[in-house]
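Here come two complexes built around subunit A, the first alongside subunit B, the second alongside subunit C.
Entry: the complex of A and B
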């Protein structure tokens, strides 16, 4: 069977790289050092995907986002976003994508939120009726109503983030790029934003690329993840496959009737004891282990904990270069 | 154009939220103008005419200058752009589907329009109330002044845009601003009309862009233009500097956004 390209990718990065010159030391003995922040990154994103772009601090995630949005030109390789070359066609591309950088805002600090949102109609040349309808919809979904009239500098972080998301979406972009959109938010705000993004993706087909350190975001939103480490691609594929690539055992949390010695059963290893609660790392079928534990001890409660994606990614990082040999995603789109 | 009008309106509304700053700057402009005028009156007491200027001319220029401080921002505020380059917020500005220079220009014109309404009129009124000013009766001359003030705003923006843009290469524009806020008021004829400088110094200052901020508009108001063509010559001088500065700003912007790094993760 030959595969026929069904759609052009929204993002298509080939051998993308970026070097920085870092200047350090005192004025007269300046040392110049080349930093390879992103190295030979190749991946592509089809319309309608939600991709998690993950990696530890300093991995090169933000640098990649900057190249994709056109505010930084690549040192190596090439990239197309919505069929455009970002750094050369930045202003044109800006009209077709929405971007939110978690630590930054596009809103007017001193003016009511409403004013910044009204301005986007002119910035993106959205017909007045479309703009009004979309604003009403987003106001409802993100519950902006109570603070539309509040100056942005008086908004809480979570409120401001919802305002920024709205500003990035009023022109119905094909692609939404989010760099740490849930940074510093509480559980409720995080979950509101996740549900909103999911809805946006399923109902309007908006493609979403996000970086985050919050693995709750990844588990809720991303079927596919791209992991980057020290500037290089370490993994690209299904979240489920990432788990398989860097297998992490499941944990059984056992609450006993009272404090006891570490449990000893076949197929599990007790890794932690705190009063009546014990943590068992499973190496065999959980059902057998649970039966064995219940048979030998008086158990008050049991929970089976799936490995956190955080554990999985940490394992992937620590396995270092070995991860570079991890299976790469077969590109479904031939360019 | 619609976009720029909307940005202009946001700039105007934004500055109108700074009520205390506006009020205090009217007081400062009024008081500083009065002191400056009294010093000059003392100077002219000894010599009734200096390079064609009378005491009345000099005092009129002082109050015109004080009235223009707000609109042309000779003493600041600097464009937010400098700070935004330093902390990486400029990324958000680059992600707008509008030309970069035009975005900042429209916003600054909004600021100038607010200053015109809120600061220029009250400051000039203080001058009128306290001193005899040499004001023309000819409506054409007032029209020429209006054009000169508009061009002065463009030149003021062009200069401040370049100061801020230096941040892409220097990372810290506070040094640039310190020099600019010192040089601007002297070179523009704000602190002292350029006619009172020694001739060779005045001749040099008259070729620089700062003269377009105060000295040229003042001479147009007073009918004492030194450039050939009278008021038209003065306006042409301002227009040439405005065009040069904006073109340089646009060229450097293109270079900066291609080569230079947006800071911060």
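Entry: the complex of A and C
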């Protein structure tokens, strides 16, 4: 195994690119065209960082993840993860990183969680004593105790995700790659997972790279975010700076008793009206706006909608084009 | 090899066995169902011999030997490697990606996926046929011939395993190609359940040199029975099964590596 000095980045991607060949048309007149899924992506992740890798669907997030984990070979550029070349040293790398796909489990459906985890130990060849200590620790942190004996197929989504996280962490990986770790979870489960990831990062120094559509995940976990859009790096920097670059207001959805003129209150702007339902973009404290709306109108229902990643990225992109003229980047692109 | 492939294989297969053991009744019933499915094929062979005394010069017990050798090799390979035929499905659903991020050969993970001892049910009729034939036939049992019987069964099983893997590899390129793979595996086994001589020269040559099905049971049977090939093919072919097995396994391994490289350079 290669030893990696602490100063070496955990992830180092330079000019990373990936083309796909798309074949279309009838059998005899096939047209082949090169599609550029990821283009010239450069970023590096230092040990102990938590990075949010964000972008709308189809932006190239999964393709990048696959190149980082060795599932896919890059067409351009180079990438090192834990000092290894993922596509050539995939098996070696697999023993040093943990990967969790939020939408599919790596556990064995019919086995009790405990047995699934024991099997994982054998696949990763973790010594029994290390496994026992690590499992005890994770069982306590993730509160697995009540369902360790339950077959995986009977677990709730939140329990299963905690099980999957445990499976990905039993071999004490240096890097944890999470693809949509909180998708479909309820608020309590989401919060439990986020707090766990924070502890893992601060107490054990595990580097975490996650993709998510949940702005809550990003706000709680990531100091730094990397945004990819249309296959290219659109932003790399502080979450605070992303917010400043692309301020994204929350939306108040108001259901009135009946159709009415657009609501006019201080601290909000009505952006859309559909029958009795109106959409207000908030610029002030939601509580004040809600009070003002309720005071002036007969309200049947109210929903406060948090902006999601798509909104932020859309803002980023339009403001970037209008203001800077080009996507912003902190790291210089070399190579 | 042992530590990187066989140990994880055994661990994974055992885990699936334990999972299945949660439903003992279902396990027994499905084993019986599998037994019935291949038992019908044996009945068909017996039915044919209810009307004729010999097929292309092969008596009932000689034909049972061929049937027994094919069934034993093919269904053992089905038990060990049959799950690889679902590669296309794993690629489509993305579960193949989860196999690639574990430090164990994806082929081992694929082959043990839903490993099921109930498939042993399929082995029962051919084992009965093989035992009956070996008991009834007047075979000159020297120690060398007895040892060779084991070598031939192992070679036949290895050839069938290689065919399963080759069929699966096509799915790296065309994920919906499972039926095509089945034509090779199930089709090949159905063909070689009967002495190849009954199909005539064309088919027998194709099944010797194109897809080497002849080395699963036909040539081994000629060796055990110590009789000339009614088709008049080269007599030394009957010793070639172990060599063919090694070559075909090497070919399958190369095809797997090529397919995997193709997958990782296209993704899906």
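In the analysis below, the second predicted complex is superposed on the first by the 231 of 335 C-alpha atoms of A that agree within 3 Å, B and C clash if a C-alpha of one lies under 4 Å from a C-alpha of the other, contacts with A are read in each partner's own complex, and residues count from 1 in each chain.
Simple rule for what comes next: a contact is a pair of C-beta atoms (placed from the backbone, for glycine too) under 8 Å apart; a residue touches a chain by one contact, two chains touch by 3 or more.
Everything numeric here is computed off the predicted structure, so don't read it as measured data.
**Student:** Check the residue A:66 against both partner chains and state whether it touches subunit B (first), subunit C (second), both, or neither.
**Tutor:** In the superposed model, A:66 contacts both subunit B and subunit C.
**Student:** By the touch definition at the top of the document, which applies to A:156: first (subunit B), second (subunit C), both, or neither?
**Tutor:** The answer is neither, since A:156 touches no partner chain.
**Student:** Regarding the shared-chain residue A:123, is it in contact with subunit B (first), subunit C (second), both, or neither?
**Tutor:** Once the two structures are laid over each other on A, A:123 reaches both partners.
**Student:** Tell me the contact category for A:89 with respect to subunit B and subunit C: first, second, both or neither.
**Tutor:** In the superposed model, A:89 contacts neither subunit B nor subunit C.
**Student:** Once the structures are superposed on A, label A:20 by its partner contacts, choosing first (subunit B), second (subunit C), both or neither.
**Tutor:** Touch status of A:20: both partners.
**Student:** For A:111, decide between first (touching subunit B), second (touching subunit C), both and neither.
**Tutor:** Once the two structures are laid over each other on A, A:111 reaches both partners.
**Student:** For subunit A, which residues lie in the overlap of the subunit B contacts and the subunit C contacts?
**Tutor:** Residues 20, 66, 69-73, 87, 90-92, 94-95, 99, 101, 103-104, 106, 108, 110-111, 115, 119, 122-125, 151 of subunit A touch both subunit B and subunit C.
**Student:** Under the touch definition given earlier, write down the residues of subunit A that touch subunit C in their complex.
**Tutor:** So the residues of subunit A touching subunit C come out as 20-21, 63, 66, 69-73, 87, 90-92, 94-95, 97, 99, 101, 103-104, 106, 108-111, 115, 119, 122-125, 151.
**Student:** Which residues, counting only subunit A, touch subunit B once they are in their complex?
**Tutor:** Touching subunit B from subunit A are residues 20, 61-62, 66, 69-73, 87, 90-92, 94-95, 99, 101, 103-106, 108, 110-111, 115-116, 118-119, 121-125, 151.
**Student:** Could you list, by residue number, the parts of subunit C that touch subunit A in their complex?
**Tutor:** Spelled out, the residues of subunit C in touch with subunit A are 7-8, 11-12, 15-16, 18-20, 22, 93-95, 97-98, 100-105, 264-267.
**Student:** Provide the residue numbers of subunit B that touch subunit A in the complex, in ascending order.
**Tutor:** The contact residues of subunit B facing subunit A are 2-3, 5-7, 10, 13-14, 17-18, 88-89, 91-92, 94-99, 257-259, 261-262, 264-265.
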